[in-house]
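Note that subunit A is present in both complexes that follow, paired respectively with subunit B and with subunit C.
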Partner chain A sequence: MSSVRRIAREEWRLWLRSKVVVAAALIVAVLIAVTSILTANRIANEQAQRVEQQVAAEQTFFAQPDRHPHRMVHYGHYAFRPPPPLAVFEPGVDAVTGQSIFLEGHRQNTAMFADTKAAADLGGFAALTPASLYQLFLPLLLIVLGHALFLRERESGTLAVILAQGLPGTKLALGKAAALLAVIAMFMLPLIAVAAYSVTLGERMLAAFSLVGGYFVYLCAWGAIVLAASVLLTQRAVSLGVLIFVWLFAALIVPRFAINASSAAVDAPGKIESDLIMLAEQRKLGDGHNAADPAFMQLQAEVLEQYDVETIEELPINWRGVVAAYSEAELTDLLNSYAEERMRLEASQSRIFGLFGLLSPTIAVSSASRAIAGTDLATHHRFLRESEALRFGFVQALNEKHAAELDYAIDMNRNADEAARLRARVNASAWQVLDEFRFAPDGADERLGRAGGSLGILLAWLLAAGGIVLVAARRVRL
Partner chain B sequence: MTSPLEAKSLSLVREGNAVLDGVSFTVARGEIFALLGGNGAGKSSTLLTFLGFLKPSGGEVLVNGQSVTGDVAAARGAIAYLPEAASLYGHMTAYENLDYFLDLAGKPAGRADLDAALDRVALPAEARTRRLRSYSKGMRQKTAIALALLRETPILLLDEPTSGLDPVAIDEFHDLVKALAGGGQTVLMVTHDVYGACQVADRVGLLRGGKLVGSFSAANGERIDTETVHAAFAERQAA
Partner chain C sequence: MFASLAREARFLAKDRGALFWLILAFFLSCAAVSFGIAEVREQRETIAALIEEDAADRANALETQEDWGGAAYYAFHLTYAPPSDFAFAAMGQRDSSPWKHRVRMLALEGQIHEADTRNADFGLVGRFDFAFLAASVAPLLLILLLYDLRASERTARRHDLLVATAGSPFSMWLPRALVRVTALALLLLIPLWIGAAVEGTSMVISVTASGIMIGALLLWWLIVELVSRIDASASVLLTSLIGLWLALAIVMPAVSKAGIEAANPVPDGGEILLLQRETVNDAWDLPKAATMKPFVAEHPELADHAEIEEGFEWKWYYAFQQVGDQTAAPLVSEYRAARIARDRQAGLAALLSPTSLVERAFERLADTDALSMIGYEDRVRRYHAKLRAFYYPLMFLEQPYDADVLKKLPDYDANG
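Take a look at the complex of A and B:
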């Protein structure tokens, strides 16, 4: 047996004979198992639920009776963002961005949150996810196990005996690293199981196992940091204290600071704030419900000229429908310009936040994790764009029906009496203009491309910490 | 002929303090050389420079004629080292400790060899499967000595080897060291036990304040006179 494997085996023997170490590992293992099962169950339910809700919303829309087409514009529709398969491990931004949107004419509504079915969720316990355990708790376990890996030998005097056997310090360090690596490999098993489960839910193998690889590199980087402290420092208590501080810094302080710093660097107004700012500009566009609004005079002239008629009553199409379509297009341009600007600013904030991965591997892994899982901000933005395209599509299709299938005179007299109201309708078959909407995560290649920078940072962390361990171990003194 | 161990004008400065100052000696093959000195005299530091754990500030140390600084691995491969604290693993049994350290040294041994070495140091058979945390200091010391024996290296470095041993065990240990030297092993031991040094060593050097201030040899097959050395030791200590 090679000396590296032998050292690793003896380290394991020590750990297994230590009740504290076994208890700590068991607690974390149980926590991971329970959280993985609960999160997988919750996400699978949510996924099924949102797909069902999407289908139900479409069926409800299609099932509407004959109506005035503009009533259907306001009847609206829903777009749901089902969690992608890897959300069973990494729910990502789901909890803060909302997962469904009510789509209607003249508005881009804010994404809503799913209603909670269990009161216990209101306590925030659902926030404990497998991803957060891997990002926060496993490094702590590695600190507990590894802070004294080298120091214990130094403090007990066995380091001298080991080195006196002719074993180089680097081999001793590699043996200790192998022991930690085995711990990491063992704790990768639940993640591998979750990744395999996500594949059965439709996830691509490449994405699922890239996520596993990313976390493996992350935990190896932490293992190297822990080992480096154990080689470089001279007292066990100091090593533990320094590593706990590094953990607090990387896992709590830097992320908190990074959020504030990215918000301060890029001032992105929220949805509500930008809606308020936009209102003034929106008013200039005219009221699409009022075909006589002066804002539409030029349009009226153009349309009359196009159809070579003198009055809107002579038009072969319903002028109100034309105005509604025109107004919707103008308004949507305005809404989209604000939405795109807001998303651009949010994406900039997200990029700045990701750069803080250079100070904290926890930030790097969380960014990579969300990107690979398809639960990142970019995916949410795509959901917003696609749901907006769906909204604009069905609203304009209804406006076209309004213009083409409903007579202008009937439309204008719709409020005269009940009979007039009933005449101002189009056939329910017109509601089939609504496109089917099934939001799906990006392809694995695209998600990996987004995660590339963060994965690179993680690798740099591993190489830097591993390099420090090897250099320090080569120069190890008693 | 090359001496297995040689210190040439060895100086060592640690944290601004001169620990060793121009120490020179050689230890011949099969010779037992004891370095005597009080606390802080530089005895253990001398051993650690031969193992490459401490780098000389001046002069050099040679193992089998080769500079330790130039090839630490070769030096450590030729030396079995018995530290003062008999530092072994408390969570392992004697067998497990020996098996582990011999594996690291690249000299794995079977259970029979381990038993033979443990028999030589008189560690009770019933204790060998117990974890070392239940051992007395003497029993731990015996296990560490067994490890040094099992290495079968041409050179033995012993740091206060009889510390913690009872008088009978000390006599047995001295006999063992003499037998090893008789078999050609070179022994450098450091101790502050004047009587023990004189009992076992062929030559005794007096170390004080990092300097080698005296040397005594056995003549005509007799042991070094304890009283002479003791007097010199006391005189040098008082000086």
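Take a look at the complex of A and C:
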């Protein structure tokens, strides 16, 4: 065992003597530190701000004066998505999706005001996050450090001596791997610190631990790839070139190819396109504002029979409120079926994208990291579903108030004059029907389950690259 | 000179490493261009289909209307920004800003910020388009082609002999590097030119784009040339060059972006909507005059017809929709001005990063930069204003409803 340690220590001694290596490591370390602090700060602000906005939106809703209940349906409400604790490391899709939704009757709005729309445009990958540093920069650092790890001995002629002394190639490779592992372990420290910080913000240990584990496996897989190249190739310039190519391929080319490929494979129509088809169907459902719409004739017959009366005027409840609730329910079914279909298509696009992890460990780690952090597409979809449930909940509760607490005759007469308008109101206490909404991502188990496939792919990368190192090191000859 | 170029070309043909990078460049360029053309075609098809469905839907909606107010309420109008004939090379902001809307005569601020959502994962990673290839990947390929020209000869112990026999070091390294840079530029540009021919891109744009890319490659060549004069091993040179690339292509843009965005805060977009909605909602409870007064201030020509007598009148309804827009207008122009300021400063900051500069220049040529997207929003605003100008006289002067008049509804002009 001591020979492995001696080889590793020798490697570290050489690294520390090389200005290039030390400079590169320092720069990456500083970048990680600065980005982590800036991102943590920004996310903490956003978190506080959005929770405040959510509370403020609820209070404004409750504070509305006596009104016609349908007015409150259109007055609407907001749902905000505060970033989850691990967003301090991996902000994920938040910047692209927008984080608030306006909720109102008869409509499902999209999330609005994504940061990217007003962002300063500096091209390709302008935003740096701690996660993107770990995904893109650290593999490069490992390449710089490790491309000549093994072949250095070959170049300088020491390999012959070492082998002749009876040290097997595998042991030599193990020593080199230990040296690289120590580098990886060192660079895991900032991530561990960020993960620990997220636990103090309320993240579950399991998720924080898995995120650290996922990145550890990712970096080890890169370490193994680097080591494999340095065992198999005999010139350091060639080894470096090949590794840079692998990085270019895995980090820059495949992810963007995968985007193009998955959007070509599954055609997910935009909202305008599906809304157009939906509008035609919606017209058949009838307009809930117009209780005389022929679409509601059957409903009318049923309700009249249920209450055993002849005309809607005789009903003990307000017919207009009944129609509003009925048509909202019908419409929501329709809206949801389209929304679900759109989300299903998007999810299958993302699944295809995730499969490209087989070609690039960077895709696998970024998918896993977004899923574990709760900043992935699935979490965004969950936010859309939950805010829709909130919307439907308060709109229907208001429609019930409309039916139960506002007399039909007074309601029909509401536009006659000012006094009639004032009579057609319900007491503001009715606005308490709004549910409190605090968005929280899925539990840690569920997020981990979603990340399972990508984590499996990462592990496969590690095993494959490690296996190649092992086989190549065993066969190492002069 | 020609003889030495021919000689270097023969050397290049035997250098398997260099050939690999060149073939890769050609393959990537073909892929970027064909992905781009496919995407642009799909967007055009989407727009063409939407135009038809939009017209049919409007006709369907108008069929059952009995008054101007109802017609304006139920008739949506498609607005869109078609991709330019060079958009295939740089999709730019089309991926993050909406380029199609369906608007109606309600308050515009409630409609124009709707983003027609795309898969969020896509916006996060970005697309592999030619601009990205030319700005970010091509310099890396150039580095990989050039970094060991000298160092490899040093390793082979031929360096000093070659320099001594070549007369001047200039006539030795220049042709060798020139052949590689030219080959790389051509292999990247040929697919672009084919794409431009297929898409019917104007000659001026193709030539400008080629010039920009060649200029950037020359700049990177200069950087490589300066760095590789350092007497160090090939791997140290390559490491330093990759470090420079990271600094110029990733770190510098990220730092500038963060700085610019901190220096130019945009108003919270949500505030715009909140203000507009509050105004529209409050109007229901306010005396009618509170709406009609600020409305008439904008439309003095309608002053004599702005008396609201009944509990609900369409002209009052549309007046408070407009007053909602009017109230939000200062915030909206602040938001717009901040976006423009950010973009202008990003343009300056891009001078520090050749990758940002190339990508922005391509987006400018392709009309997919931030200003073009703001230009599209301005077109939507102008069209919406035309809709109001069409309906207001009909509603306020209480013209009898006539479905035939609606045939003269203003058309959206995508280039106007």
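One rule holds for everything that comes next: the second predicted complex is superposed on the first by the 462 of 478 C-alpha atoms of A that agree within 3 Å, B and C clash if a C-alpha of one lies under 4 Å from a C-alpha of the other, contacts with A are read in each partner's own complex, and residues count from 1 in each chain.
Simple rule for what comes next: contacts are C-beta pairs under 8 Å (C-beta built on N, C-alpha and C of every residue); 3 or more make two chains touch, one makes a residue touch a chain.
The structure displayed is predicted, hence computed values, not measured ones.
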item: Clash or fit, subunit B versus subunit C on superposed subunit A; value: fit
item: For subunit A as apex, the angle formed with subunit B and subunit C - C-alpha centres, to the nearest 10 degrees; value: 90
item: Touching partner for A:62 - first (subunit B), second (subunit C), both, neither; value: neither
item: A:168 touches, of subunit B and subunit C: first, second, both or neither?; value: first
item: Partner chain(s) touched by A:477 [first = subunit B, second = subunit C, both, neither]; value: first
item: Per-residue contact with subunit A, leading partner among subunit C and subunit B; value: C
item: First, second, both or neither for A:276, with subunit B first and subunit C second; value: second
item: Subunit B versus subunit C as contact partner of A:10, first or second or both or neither; value: first
item: Contacts of A:157 with subunit B and subunit C, given as first, second, both or neither; value: first
item: Distance in angstrom between the closest Cα atoms of subunit C and subunit B, superposition on A; value: 15
item: Of all residues in subunit B, those that touch subunit A in their complex; value: 48, 51, 53-54, 73, 76-77, 79-81, 83, 85, 87-89, 91-92, 96, 100-106, 144, 147, 151
item: Subunit B-touching residues of subunit A, taken from the complex the two chains share; value: 1, 3, 6-7, 10, 13-14, 17-18, 156-158, 160-168, 477-478
item: Residue numbers on subunit A that touch subunit C, as the complex places them; value: 20, 24, 27, 31, 38, 53, 65, 67, 71, 74-76, 78, 92-93, 95-98, 100, 102, 109-114, 116-128, 136-137, 140, 144, 147-148, 235-238, 240-241, 244-245, 248, 252-253, 255-260, 263-264, 268-273, 275-277, 279-280, 283, 346, 349-350, 353, 376-377, 380, 414-417, 420-421
item: Subunit C to subunit A touching residues, read off their complex; value: 17, 24, 28, 31, 35, 38-39, 46, 49-50, 53-54, 57, 60-61, 76, 78, 92-93, 96-97, 100-102, 113-128, 131-132, 135-137, 140, 144, 148, 151-152, 155, 233-236, 238-240, 242-243, 246, 249-251, 253-254, 256-258, 260-261, 264, 266, 268-270, 273-274, 277, 281, 284-285, 310-312, 335, 338-339, 342-343, 345-346, 349-350, 353, 355-356, 358-360, 363, 369-370
